[in-house]
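So the structure is just underneath, and the comments pick up after that.
The first chain written gets the first letter, and so on, giving A, B, C, D and E; residue counts start at 1 in each chain.
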Amino acid sequence: MSHNLDAYLVLSALLFCIGVFGFLARRNAISMLMCIELMLNAVNLAILAFGAFVPSLHGNAAVIALIVMAVAAGEATVGLAIVIAIYRNRRTPLVDEYAQMRD
Amino acid sequence: MTGPELAAIAPFGYVVALAVLVILADIARPGDERVTIVIGTLGTLVGLGLVVAVGLGGTVQPVFGGAYQLDPLTTFLDMLFLAIAFLTILFSPDYLRPRHYPLPEYVATLLFAISGAMLISAARDLLVLFLGLELLVLPGYMLVAYAKRDGLATEGAIKYFLLGSFSSAIFLFGLAFTWGYTGTTSVAGVASHLQQVVTSGQVPAAGLLMGLALMTTGVAFKIAAVPFHYWTPDAYQGSPTPVTGYLSVGPKIAAFALILRLFAEALAPMRADWVGVVVVLAALTMTLGNLVALTQDNIKRMLAYSSIAHTGYILVGLAAFAGAPAGSTAASAGIAGVLFYSAAYTFMNLGAFAVVAALQGRPGVTSQIATFAGLGRRAPLLGALMLLFLLSLTGIPPTAGFFAKAYVIEAALQSGGLVPWLAVIAVVNAAMAAFYYLRVVVVMYMQEPAADAQAVTDSRPMRLGLLIAAVATVLIGLVPGLLIPMAQAAAAALQ
Amino acid sequence: MAGLPLLALVVFSPLVGALLIAFMPRDRVVLIRRLALATALVSFGFSLLLLVGFGGAASDAGGFRFVETATWVPAFGIQFKLGVDGISLLLVVLTTLLTWISILASFGPIRERVKEYMISFLILEVGMLGVFLALDLFLFYVFWEVVLVPMYLIIGIWGGPNRIYATIKFVLYTLVGSLLMLVAILATAFAFATAHGGDFTGAFDYEQLRGFAFSDVLQTGAFLAFFLAFAIKVPMVPFHTWLPDAHVEAPTAGSVILAGVLLKLGAYGFIRFSLPLFPHAAQSFAVPIVVLSLIAIIYGAIVALVQTDLKKLVAYSSVSHMGFVTLGIFIFQQQGLQGAVLQMVNHGLITGALFLLVGVIYERGHDRTIARMGGLAGATPVYAVAFGFFMLASIGLPGLAGFVGEFLVFQGSFVAWPLYAAIAVLVMTLGAAYLLWLYQRMFTGELSDFFRGLGDHLTDLSPVEVMTLVPLGTLVLLLGLFPGLALGVIQGPTDGVLSALHGTVTALAGTP
Amino acid sequence: MLTIPSTIPLLGWSWNDLLFLILAGGLLGSALMVVLGRDIIRCGLWMIVCFLFLAGLYVLVGNPLVAGAQVLVYIGAISVLILFAVMLTQSKAGPARLVFHHQAWAAALAAIGLAVVLVIVDGATSWPLAQPDRSATATTDVASKLFGDFVLPFEVVSVLLLAAVIGGVFLAKKDDAPRSDSDI
Amino acid sequence: MTQLTVLLLLLPVAGFAITALVGRRLGPRSWVPAVAAILATWAVAMVVVYSQLTGGNGDAGLQVTLYRWIPAGAFTIDFNLSVDNLTAALLIVVTTVGMLVHIYSIGYMAHDPGRWRFFAYLNFFMFSMLLLVLAGNFLLLFAAWELVGLSSYLLIGFWYRRRSASIAAKKAFLVNRVGDVGFALGIMAVWSTVGTLDFTDVFNLLPAKLASGAIAPWEMTGLALLLLCGAVGKSAQFPLHVWLPDAMEGPTPVSALIHAATMVNAGVYFVARANPIFSQSGSAMVIVAAIGIFTALLAASIALTQTDIKRVLAYSTLSQLGYMFAALGVGAYVAAIFHLMAHGFFKGLLFLDSGSVIHGVHDEQDMNRMGGLWRKLPVTHATMLVGTLAIAGIPPLAGFFSKDEILGQSFKAGFLWVWIVGIGVAGLTAFYMFRLMGKTFYGPSHVDPAVEPQVHESPRSMTVPLVLLAIPSALLGLGLGLPFGAGAISSWLDPVFAHAEQTLGRSPETFSLFGLDGALILISVTVAAVGTIAGMRLFGFHWPFTARETAPLPDRVTAITARLRPLYTASFHKWWFDDLNDLIFVRFGSRLANGAWWFDRTVVDGTVNGTGRFIQRTGREVRQIQTGHVQNYALGIAIGLLVVAGGYLLLAGR
């Protein structure tokens, strides 16, 4: 199992879908952000798994994963800053209450 | 690195440096926004010159082992991106200043975003593409939120951010599948691997197709194609108006650049697999965008839906590429159509938003269409310019928008399969769209101004920017021959 | 005159005027008016030069003169190509004439935003002239759409109370048709290019396309697209409902141009493009179109009978009269086609004048309800005479312009199938019925209370108004007595169109 | 020396497989806790747990370097950041009792559907270039790649982080400029 | 001679133009240019006629081509004039009556402020009518046909303030147009068949085509009937007769000139002109005869009961035109034209007389408010009596000769039914004319007492034309009709009709005064005499040059009327034709038009607007998917992803 690419990929897929579910179901902006982190980690798992099993990706996968992590960090920074900004305006972190603009 | 390599990478580096320079200048002389404007505008102009200088004569120069490549496509798009930056910087002060938002961070963030777009245009490595995309959108989220004391702006920003990150994750997942399947991150490598698969006559593996689906979803989101467009109206409406203008062209065209590099280059061998999806997306996008735009009362929201519709028109060009055999004139016409349309759309749409921004020169003026009442009388020149931009958006000759539509339609007609029908859908949509664009004209020219109508601003930068947008809109329409060879050369670079 | 780009001068001289006016201070109203009129007169003068230089009857079928060519978009083979033949010559002169008359007629009624108005009008003229003179399909389309916007503004800004509904309907309706035509134009160009190894050179050139045999499928599609565009513009029943609304709301000069020139664009398109480019499709759709034309002729007249608004009545009469034009075109017969062209010119002159006359009374009373009128013959005799004159011309009285065109169309359709003529000719009675009834209600009897209430405002024609009508009246009489003046120049081109359809003209000339 | 059997007695699994199963189970379980938990602070803590399991998996897949980075970046930085933000945005007025949007059931369906599709796709695909067994990645290899082939992405990431920081600071900074009515 | 012919057209046009432009300023003298122009025209016409009738223009007559009017490819129509003997005969009537009516109008219209308009219109009419008789091809004739219609329209509606006048004018124009629809189709059929519209060519080519079998006999008949439509309209034959009585709303000189002496004869003229076509189709001829004789009877029956003096004359005109049509139908072309001429003079005279009467009693037209006027209007009375005797067919006045020839020839051509009806109508004619005379001139006066003292004879300018017209009314028959069957009229017109008569198989028979012809004359004269005497007895009479007076018998009239109540009612209501037209065209027509208008608004335009509304509504519904909730959006994206993935995966197999 641990030597089977499919096992890692299935695990990655399940983690990704858990993240997707959370993103679709949670109301809190920060919860949703966490779910995005889960999804990105799922992708990283997949990338590293490919790196382990596909020779031409050997070293590359690790680098890509590191870069993805950095991007995730950047995303989190921006996201949290926006969350804080809107919290100042609206006094709630619940995203579904931000629905002044619609239709 | 060799000299030509340095030259090739120079524009990107230059823009990043420019962004940093803006920040540094602000630190050196805090509060002097004139400096920011001067550095921003002159800097982008110099950048434009740099792009022209290094890209002149159709140079093709790979750098970083081919991960980055200067070619006519890069040049074409970079010019466009810098023009967008230049105009956006011109349009912004009138809106931001009265609302007490600082300019330096704004300009720097914008330039970072533009650098991301320029990176996309040159990237021939999927990881670099992804990074370029992130570099494009992260500052974008912040620009939307830039009016941070405004509830709607931050609402738009968080929606944009959450959904954008969501789609980025999906897109990245798709990239991972592609990497796993082809074992490479290079555009050329992916293309040649896929070409082998297609040539060998195998049915593409499910994993690859799934990756394709994930990537399609990701980029469809970025270009705001229906049904992945949901963020657009809210983000556009919420953004500070100059940012809306930027959003409607910058990230959209950059995302199309991504599509050209990814789909029209890396995934081109599989075009038979994805052309159907593009056709459906194009049809849906045009139709829904226009349908909903018909019923809007807020001009920014209306133009948001209109920009969705224009995404659909640009997708027609992409579909034309995908529906035609590789290397055919039709395929290259499709790409050239995408590029030409992008260029035309840039000027007319930015112009339209600039007029909205000019109207909102004082805090408290909303972007309801009713704000335009009697504009033709209150500010005849501004009204006439808005008329021009709206006509161009409608596609009335002899404006840029008309020729752009004609271009993609001509390309679609040359293509195969169901694609020619998109031409018919496109024109029916164009007729429908005329209704809401002309509705604004009705308000501007055929209604009396409200009693408490505010004066419009016309600072020198705003005027200059509007003039440039208008001249470009007319010029591209009247003498499309100026732009076509460039678009064709850029398209040829992809083949 | 050789070497002078006369056509470009005709087309673009109004644009120069419009630009000049754009830089005028908006409060110099009188100056703006005069400049606009002068510009239109200059354009008219150029078109007269064209008329003189054209040099009599063209014997070469379909040959274009004064052709001016310049590359425009080389990548697609799009050219800036203008040329004139007998048909377009007449329509160009009609356009330049009606434009300055309309501008003159607007001096009084248009008092607000004169600057924008005059600019719109002159740009409108550019578009109309361009449509008639363009020999490149793409260029033609560009001009075709250029017409739309100024008209949209003219109705929308200076129109009546319900102007916005009317003007949006006008634009959208027209746009729906014309956009499909754009697709067709591009498709034909592509087909042409494909046949020439992907080379787009000449792919939009009318003269080259005319000699190109498109596939039947493409012909059908393109013909239908062109048909929709032109049928809406003509307008043919059942695409006509924008017309009464547009007319009712348009300012007088707008109505004059609308009826006088804009409707001709569609008919001109049929003759210039639909028939020569897509002969097979034209033949297979001829019968339905003829039937629609007949319906338009009769139906328009019947509906005109019960109109209560003066302008609507004239508008529906236009529907009926333009039915003759399309009938004449689609019976593919020499007399019919010549009659159709003549009828286009005649209708432009006559209906243009009628709208001017409607405008005259509207200016006095700001009401067009027929029921409120009566007894004008005594109060405004000159007006009554003028109205009567053009009304009779519209009825088709021999000796005035309307008759010859109408009769030629009748004759042509009789040759095609007597029943066509039998139906069409009914309009001799119907047309007379609604117009005479109108005349009776407006002009005879005692002066109505409404007019009595106007007191001194009910004046007879002013000198300016007379000045706008006299040229039209003169031409109506001239063309009625000497239709050969017009028929001479259209003989060649119309035969050219027919020979494209049939191979030979003589086969259908009607002579046994 | 105590020798560990190369396979687990009775089950016949390799030890690595057992480790994989434990890590996978922990990963999914903690991820579910992140998604399903009612208290958002606990959710954040569960996320840290989740990332730890993931780091373990990275080791298992032969990438200890990335595992280390995972611990540093995700647990050390991102999670902490998120927890701070959570604290900042908890208002007493609105105890977030209803953590789930009313479309949760549809979300579940969609997620399950996606999972089914992905799992089937994974199962159905034979990745053409993949070896039957994994191989570990040397750290030096990563370093040379990062500053060799991948120097451009590396530099871009730095630009990206710079941009994020500049913007983030501006956005999060509280300022005293007058607040105006929304005029969007 | 060519120039003179052109002058025939130019003079009236010049008169019209001058009067129209400056007439208003001439005030009371506005008649001068118009009358001068017509006098000159008359003089020229007489020269032309003389030259033509004396053979001065050769066998083919005079052909003048002015210019090419319509050069439309194969369809080339010249503006060409032709003068032959038939034209000459018409010229005599048209110019003479026209000139006299012009002179008469000087007095009649002296007090009308719009008289300059009147004279302009009259000149215009003269131009149109002359063009009509001179036209050398079908289309030019059609053009003139329309122009006379226009003049008629203008003149009927001359008093535009009178609602009834403008309605009558419109009616006249429209009813004529109905006929012209057929006429125009006929002309098209002619051109389609032979490719020319020139009279000479058509009349040569059409019979040849029929003979060669290029066209079927039914086509020839159809063609003839289409052409006939126009003639029926213009000459007010059944069923298009309804406009003529209403046309009496116009000034009386107009009634005399246009609606009695000239324009209404155009139909007769045209059928005669087109005799080579009609004679080729026996069935068409029968239809012509039937229409004619039926109209004669119908109109006479109505004339019996009308009380408006001009209407009686109008119906009498219809009736006489019916005779002419009957004559054309039986092939008695010469007789038809003879009657046309005679009728032109005596009916013109009668109308002018009635005008004089109306003028005298201050615009009263109801005969029940007249009576006993012979004393006060001596000249009018005398000339009108001449006219009445002429129309009644009392020898030796003009009407006797012409009418008798029609009846005789019908009998001899085998149209017994025409003859029988014709004889009956002759009796009725005599009766209602003497009824008119009696009610107007004899018996006790019923004139409004207020007006009675002011009743006066008309001025010289009016009475002189009356006298001048009475002369031909009385003597024309003697001059042209004797000897019977071989008078001057026959020698003039035989060349024109010889070919047609030959086609019809009419060999010129010898006239036997003491045989069949004499018997027929005797019968018709007897019937006319019976009618005359009945009229005199019932409505009174004053024998000229004596003091003998027959008193009217109103009681007897009442008794007879009572006995024939249904017939009387039918006659009085003109057989309800106007009501029928009203029902069909006004009520049904307006319902149809309103229906079409409703259809246009709700169905045609409704579809257009409905499409727009539908699109808008769809837009409003579609925009609801934009809920504002990020989670909803994300779910949408997820579902989109699933669909796209499904699409790729399922379509991959292809």
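To be clear about the criterion, a contact is a pair of C-beta atoms (placed from the backbone, for glycine too) under 8 Å apart; a residue touches a chain by one contact, two chains touch by 3 or more.
This one's a predicted model, so the numbers in the text were calculated from it and none came from an experiment.
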> When you check each chain against chain B and chain D, which touch both of them?
Replying inline: A, E
> By CA centroid distance, what chain is farthest from chain A?
Replying inline: E
> Between what two chains do the most C-beta pairs come into contact?
Replying inline: A-D
>> Going by C-alpha centres, which chain would you call the most central?
In response: C
> Where the centres are mean C-alpha positions, what is the separation of chain A from chain D, in Å?
Replying inline: 6
> Measuring from the mean C-alpha position of chain B to the mean C-alpha position of chain C, what distance in angstrom results?
Replying inline: 42
>> From the mean C-alpha coordinate of chain A to that of chain C, what's the distance rounded to whole Å?
In response: 65
> Roughly how many whole angstrom separate the Cα centroids of chain C and chain E?
Replying inline: 38
> What parts of chain C, by residue number, touch at least two of the other chains?
Replying inline: 172
>> Going by the contact rule already set, what residues in chain B reach two or more other chains?
In response: 127, 131, 134, 138, 141-142, 145, 148-152, 156, 158-159, 162, 166, 170, 180, 183, 206, 209-210, 233-234, 237-238, 435
>> Going by the contact rule already set, what residues in chain D reach two or more other chains?
In response: 101, 103, 106-107, 110-111, 114, 117-118, 121-122, 127, 129-130, 149-150, 153, 157, 160, 163-164, 167-168, 171
> Which chains are in touch, pair by pair?
Replying inline: A-B, A-D, A-E, B-C, B-D, B-E, C-E, D-E
>> Which residues of chain B touch chain D once you look at their complex with the stated criterion?
In response: 16, 19-20, 23, 63-65, 67-68, 99-102, 105, 108-109, 112-113, 115-116, 119, 125, 127-128, 131-132, 134-135, 138-139, 141-142, 145-153, 156, 180-183, 205-210, 237-241, 300, 360, 363-367
>> Taking the touch rule as given, give the residues of chain A at its contact with chain E in the complex, in rising order.
In response: 20, 23-27, 32, 95-96, 98-103
>> Touching residues of chain A toward chain D in the complex: what are they?
In response: 1-3, 5-11, 13-22, 24-31, 33-35, 37-38, 41, 44-45, 48-56, 58-63, 65-67, 69-78, 80-85, 87-88, 91-94, 96
> Okay, in this complex, where on chain E does chain C touch?
Replying inline: 67-75, 139, 142-144, 146-147, 150, 153, 157, 160-161, 163, 165-167, 169-170, 173-174, 177-178, 180-181, 184-185, 188-189, 191-195, 214, 589-590, 592-594, 596-597, 600, 604-605, 607-608, 612
>> If we count contacts the way the header does, which residues on chain D are in touch with chain A in the complex?
In response: 13-14, 16-17, 19-21, 24, 27-28, 31-32, 34-35, 40, 43-44, 47, 50-51, 54, 57-58, 60-63, 65-66, 69-70, 73-74, 77-78, 81-82, 84-86, 88-91, 93-94, 96, 98-101, 103-104, 106-108, 110-112, 114-115, 118-119, 122-123, 127, 129-138, 141-142, 144-146, 149-150, 153-154, 157, 160-161, 163-165, 167-169, 171-172, 174
